[in-house]
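Next up: the structures, one after another.
In what comes next, chain A is part of two complexes: it sits with chain B in the first one and with chain C in the second one.
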Partner chain A sequence: MNITWVDWISISPALAVIGAAFLVVLVDMLLPKDASKAPLEIVSYTGIGAALYICFRRLGEGMPPVRGFFGSVVLDELSVYLSLAILAATALLVTMSGEDMRRRKVHAGEFYAIVLLAAAGMILLVQSVNLIMIFLMIEILSLCVYVLTGITRRQPRSGEAAMKYFVTGAFASGFLLYGMAFLYGATGSVQLAEIAVRLREATPMALLGMGLLLVGFAFKVGAVPFHMWVPDVYEGAPTPVTAFMSVAVKAAAFGALVRVCVAGLPAQSAQWGGMVWGLAAATMIVGNLMAVPQRSVKRMLAYSSIAHAGYVLLGLAALKTSHAAAGAAIFYLFVYTFMTFGAFATLAYLGREVSFPGARAPEWHDAEDLFDFAGVARRKPWTAAAMTLFLLSLAGIPPTAGFAGKFMLFRAAIQEGHYVLALIGILMSIVSVYYYLRVVVYMYMKDPLEEPSQKGDMAVGAAVATAAFLTILLGLMPGTMHELSLRAMEHVGR
Partner chain B sequence: MLPYLLFSAAMFSVGVYGVLARRNLLIVLMSIELMLNGVNIALVAFSRLHGGPDGQVFVLMVMAVAAAEVAVGLAILIALFRTRRTVDTGDLTSLKG
Partner chain C sequence: MADILWLIPILPLAGFLINGLFGKRLPRVVVEAIAVLGPFASFGLALAAFFHVRHGGTAAFTYFSWMAAGEFSVDVGLHLDGLSAVMVLVITGVGSLIHLYSVGYMHEDEGVWRYFSYLNLFLFAMLVLVLGDSLPLLFVGWEGVGLCSYLLIGYLYKHMPNAEAGQKAFITNRIGDLGFLIGMFALFSLAGTLGIEGLRLKVSALTLGQKLTAGPFQGWTAGGVIEFATVCLAIGAAGKSAQIPLYVWLPDAMAGPTPVSALIHAATMVTAGIYMIARLNFVYVLAPAVLAGIGIVAAATALLAGVIAIAQNDIKKVLAYSTISQLGFMFCGMAAMTFTAGMFHLVTHAFFKALLFLGAGAIIHALGGEQDIRKMGGLAPQMRWVFLVFAIGGLALAGCWGFSGFYSKDAILVGVFDRMSRAGPAWKLTWCMLVVTVLCTAFYTTRLILLVFFGPAGDRHPHKTGPILFVPLAILAVLSAFGGHLQEGMEHLLKPVWRAHASPGPAAHHAALAYSVGAFALGFVGAVLLYGPWRAGLTRFVEGPGRRLHGLVANKFYVDEIYFWTVIAPIKTAAAGVWFVFDKLFIDTLLVGGTGRAVSLAGGGLRRAQAGTVNVAAGGIVVGVLATLGYLLYRVLLG
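The block that comes next holds the complex of A and B.
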């Protein structure tokens, strides 16, 4: 068995990104020490652009899936769809982090290389149809994201967040791996398709493996009751990294979860459907209720991202009866990418340098507290408008993308007869309006603090504007992307 | 078959206990290694049961991942120690709410 041209095509989007990551390291070594870091950004954009081009072409032509490396990866519609979200988040992160990482005192070469490698791991994760590949890719992306969380290593908070993330992440990997070991033990295969064939009836060992696997995935996506790490890690990580991991890691992990459930365990749908049902209900309720008392906007957004994981799980819970709800969940992930990234990026845009007493140099401080948002509308009307848009979208108010996403999701859930889950989702969305709109109230109706307003960084502003544009666009014209998500889910099991 | 699985489960459980109960981060890292090694034993046993190479390949991959994981974990630990002067999980309390 030789590796042929088809194998390389099957991983071409990830190859482009990995190539760019290696080039970034090389170019970074060749650049003079004080030179501008713009070439690194150009190299990163080239890799991401090439990968995006490949994805768009495959999406446009509706080509049959390409299998590669002895059937362990597949380039199909689901993987292309989620890769688009992952690549978009990566491109937004690269856009905003040139000047932003300099003032956080982060070495640019390392940063871009690790971001690109994380993105490559995520893209390959949503393409994996083999337990070994899934485990390896989860680890590749996790290791990169642990490092990114702690990349501002002189900040105690960043280090603490990285350590917490590392310990919980590695702990979860252990469960995930043990689950995979039992699935392998029950079937004698690591290929998802083969496992599906051999698991016609559930043995206790297979069920144990499935349960452990779901626990591992629940940790990775931050579903209740395995969510304890999310607020701490999201709060402690540098804000652009938080923006990236809250959307891209989630998209990748959900992609893998969907694939394992649909392609690997179709006969056990009653069992995992029940578990996901419970996870979804608990995640929506706890995530939203815990967000209400938060005074820190960053922490509130962290809890809100837990809540949104619950909405996506709602779609997966309905997956056992139809693909429409799961398609809506995938579409929701896509929509969620832009609104959450935009909200976190706005926190970075409104940040300022603060001289703490006793510190040698002024430290960068993102707008995290509610009071940092007081009177923003008067100082920076456009930024306030963008933040309002993101928050309305997260709350699910038309005509934003978040409304389109929630509407499709709840409609699909009700059509499938999941009334209880849909009811919980709708009630909790109403609760969420309170804590999202509180930030808007602070921005528009409170007096600003005396602190001199600092000019925001252009690049971060560009990322915020792009995310805002896409949030509006997806809200007004959700049709194409929604249909593509449905098609992606229909074809995933084959 | 069963003795291997019991051994693997015991090793995994010791690892889980270590992660949950010990407060020294170095011991937590070691416990995570123990969890992965417990899984490795199960994988090798299943590989023997089914007679294919898949499980053993899986084990080699897990070993590589475990090595990478320790490298990253220790790096984060050192960065943390430089700012905090502690490796006790009980002292990591600046993020709360």
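The block that comes next holds the complex of A and C.
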């Protein structure tokens, strides 16, 4: 049992990112205290760039999956596809964080290192085909994200959110581990492929394990009724971190969920299909309805991200009959990455420094309340246009990426006979227009506040612009990425 | 032609991009020049396109593949035939004139670059809608015009009702969109394609009685699916084209600047639903029962809006309700399968309604923002030219013999009469309602003109109407007066587009002529008697015995209120209810209350809220786990 170079190749994207994380820590120690933090960014970019390069190389037609570390990880089309989304979100976060994190009084060195480690955990999670590996990676990425949530230590809200996330997350991990233990008990294996072979006949113990496992995943993706942590944590975390975790954590957890369902439990598709069906319906309905009365845009976007998890689950629920809907769901996840990241990043871009009487230094405040958006179109027409684009895309209005994603998803769901879910999805996306539109109303139709507006940070602006560009591009030309998602789903579990 | 077709929509898009992104820094003259030149250039190209297809030719070009999955694909391509040529000419022609008018009308507004960029974007979206060669592309334009309409209604955002009106428009339209989307998916499941040419081939090859063996409509007959799809699409059309039950947004949309009302809410966008039915005529002719239903609803809309218009006192509201009413006429033309008549009325209506709105704009402008017709009066000698063009527009709208509106309305009445004599009793109702509507139209139009231009003049001095406002008015007045002569040309141009076409006999022509002239005369005389020099008698009626009736009509039959209490309030309550159950009841009372009390009893230092929300999330998980296990148990017991 030797570790050969094939093993290292199988985890090469994650290795590049982990290497960059270590380098960041080293370089940070060598940098003088007041020096520019640009070298840290360059190191991070190098690692992410290398990982992206590997992923793009693996995208080509007919690349065979690479298995490594005794069959516990696999570098296949699904993992590469989702790694692209994770890496893109990481790159966007790194792009916007330089000046922004200084304003939030966050130590840059530890921030970049933890972000990169979280990304590595996510990438390895979507590669895992072994229960132990899946659990470890979920824990690694969760630990990193707990820390990121509380990284603005001076803000009580941030620390409180981290604490809440940690406690509830630990609770959910317990269920996950329980489920895995039961599955192991029922089959005597932790390898997904092996479990699939031995679970032709479902025993109650195996079903119990499966149920608890799904509960754990449902928590991680924020599906109703396991969603209660989402609004508080997303609202309390620093906005760039919220942007990152609302897309990357979701992509990673969904990737693992898909893999467990397809590769590990194919014979039980009727049972988990029904569960996912219920989760999808509840998540779409509750997520969208709860977003309606919110006055805080950040909290509204948190509920909206719950609702979008419901749409992705819809694709998953249709998985038992064919891969088209699940492919569309993966594609939706990809599209969702950019529109949601962009919307959250815009909140950070429109933030401002506020001095409270009695405070030592002015504090950073992101644009969170609806009133912060009043008259933005007057002051910053480009920003307002970008935000409108993100919101229209989230609402699924053509020709944005969100429309292409929803169109593919609902079409596939209808084709596979999931009419009720598709109808709920379409109805709820019409409800969603109401709360997305309200922000547009404030931006274009209300007078600006009295306060002088501050100039937005260039780097954050660049992240917003990139996300906007990709939202338009994926809306006009969804073809390639959609086909790749279908292929990834066809080949998973092979 | 096919290779330069894309320029027609792209030119306004370029105007939008330049003005929208850099307009803030450009001098006003440049902004205006860019905004106006794009549409005019498009109009030139549209003329060239028209000459290309005037004898039944077509031009099509596919640019790139938009979405593809397996055997399913949607391409981005444009398609030009007689029908789209007519629409493109109206959109760019009337659109250019309204752009020009806006230069004069908006001259005091400082943020005019925003206004013009939205207006250009609107033209782009509308052109995509009529030129797109597939339903998804049509939907892109469909949503685009909705968005622009919404932005432009809210343009004068200092008055908050505008923003709310915009929201109402957007949301009612989304309800229509739901119909459109479901109809589109139904057609797709039947034909396996969404390209309009592909649909035409597939649908004409269908056997209507055949049972479907697979897909979402398993067990339905093909004809049943067609009926379902056409009903859904008609709901979409009703949303965009303001028909019962989705018309409530259009009168509110009048909050926007007047040229916007002219372009979007009278001449072009609201005809999108008519266009969609005309475009899918090959589907609709397979569902005659649905067409009969559309006819009844449309005629009822025409009548209802016509009656409401009689009691409105805001000049723009009168015109708005008349638009709804005339759109009902167009739908009736479509429903009677006299598609050419419907399209003809669409064209003449675009001329005279744009003229009326722009004329109303000139009046409002001259009176410094006054919109209440009761406070006008005696304007004829003061604004002689505006009176002349407004009267031409009014006579065309009322259907006075010799003016364009007469011919197009007559063509629709002929079609409906013919349908009634062939297809049975349902059409009798449609016919009667339409004839009464003609009467109402003549009545409220005459009332409007009498109240605005005649009677005692108040003590005011209207501003002069400048040439840049007047040139578009003059052109539109000529078109409104003589547009009736376009009828034969349109017959020739559009005949190749329709799959089936009714050609009514002479009896229908005579009947329609007699009824429409009679109804017009009755309405006209009635209005003159009531609102002429003897109007005191009417005032006594409205304030005395007719008070209740007048109140009912003036309040638009309370439809807005009914909608609020039956649709909007329940949704809001549901959302608030979910929020209440989850956030308040579940969290605060059940979990926070319970644990919080326990914690404080134990004397712990934890703050209630903090302890609570964690417990809540945990509580949610527990509930979810119990539900999951219950479900699995159920599955196991089930076997």
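Throughout what follows, the second predicted complex is superposed on the first by the 492 of 494 C-alpha atoms of A that agree within 3 Å, B and C clash if a C-alpha of one lies under 4 Å from a C-alpha of the other, contacts with A are read in each partner's own complex, and residues count from 1 in each chain.
Operating definition for what follows: a contact is a pair of C-beta atoms (placed from the backbone, for glycine too) under 8 Å apart; a residue touches a chain by one contact, two chains touch by 3 or more.
All figures in this text were calculated on a predicted structure; none of them were measured in a lab.
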Problem set entry | First, second, both or neither for A:182, with chain B first and chain C second | first
Exercise. What is the contact status of A:232 with respect to chain B (first) and chain C (second): first, second, both, or neither?
Worked result: both
For this session: Figure out whether A:171 sits in contact with chain B (first) or chain C (second), or with both, or with neither.
Result: both
Exercise. Is A:482 touching the first partner chain B, the second partner chain C, both, or neither of them?
Worked result: second
Exercise. So, A:404: does it touch chain B (first), chain C (second), both, or neither?
Worked result: second
For this session: Determine, under the contact definition given at the top, whether A:255 touches first (chain B), second (chain C), both, or neither.
Result: neither
Problem set entry | Partner with the higher number of touched chain A residues, chain C or chain B | C
Exercise. Is A:381 in contact with chain B, with chain C, with both, or with neither (first, second, both, neither)?
Worked result: second
Exercise. In the superposed arrangement, does A:278 touch chain B (first), chain C (second), both or neither?
Worked result: second
Exercise. Looking at the overlay, does A:209 come into contact with chain B only (first), chain C only (second), both, or neither?
Worked result: neither
Problem set entry | Intersection of the chain A residues that touch chain B with those that touch chain C | 160, 163-164, 167, 171, 232
For this session: Report the residues of chain A in contact with chain B in the complex, numbered from low to high.
Result: 131-132, 135-136, 139, 143, 146-147, 150, 153-157, 159-164, 166-167, 170-171, 173-174, 177-178, 180-182, 184-185, 188-190, 231-232, 235-236, 294-296, 299
Exercise. Within the complex, which stretch of chain A touches chain C?
Worked result: 160, 163-164, 167-168, 171-172, 175, 204, 207-208, 210-212, 214-215, 218-219, 225-229, 232, 270-271, 274-275, 278, 286, 289-290, 292-293, 324, 328, 377-378, 381-382, 385, 392, 397-399, 404, 407-408, 410-412, 414-415, 417, 419, 426-427, 430-431, 433-434, 437-438, 441, 444-447, 476-479, 482-483, 486
Exercise. Which residues of chain C touch chain A in their complex?
Worked result: 20-21, 24, 64-70, 72, 111, 114, 136, 139-140, 143-144, 147, 151, 154, 157-158, 160, 162-163, 166-167, 170-171, 174-175, 177-178, 181-182, 185, 188-189, 215-216, 571-572, 574-576, 578-579, 582-583, 587, 610, 613-614, 616-621, 623-625, 627-629, 631-632, 635-636
Exercise. Which chain B residues qualify as touching chain A in the complex?
Worked result: 12, 15-16, 19, 25, 28, 32, 35-36, 38-39, 42-43, 45-46, 49-50, 52, 54-55, 57-58, 61-62, 65, 68-69, 72-73, 75-77, 79-80, 82-84, 89, 92, 94-97
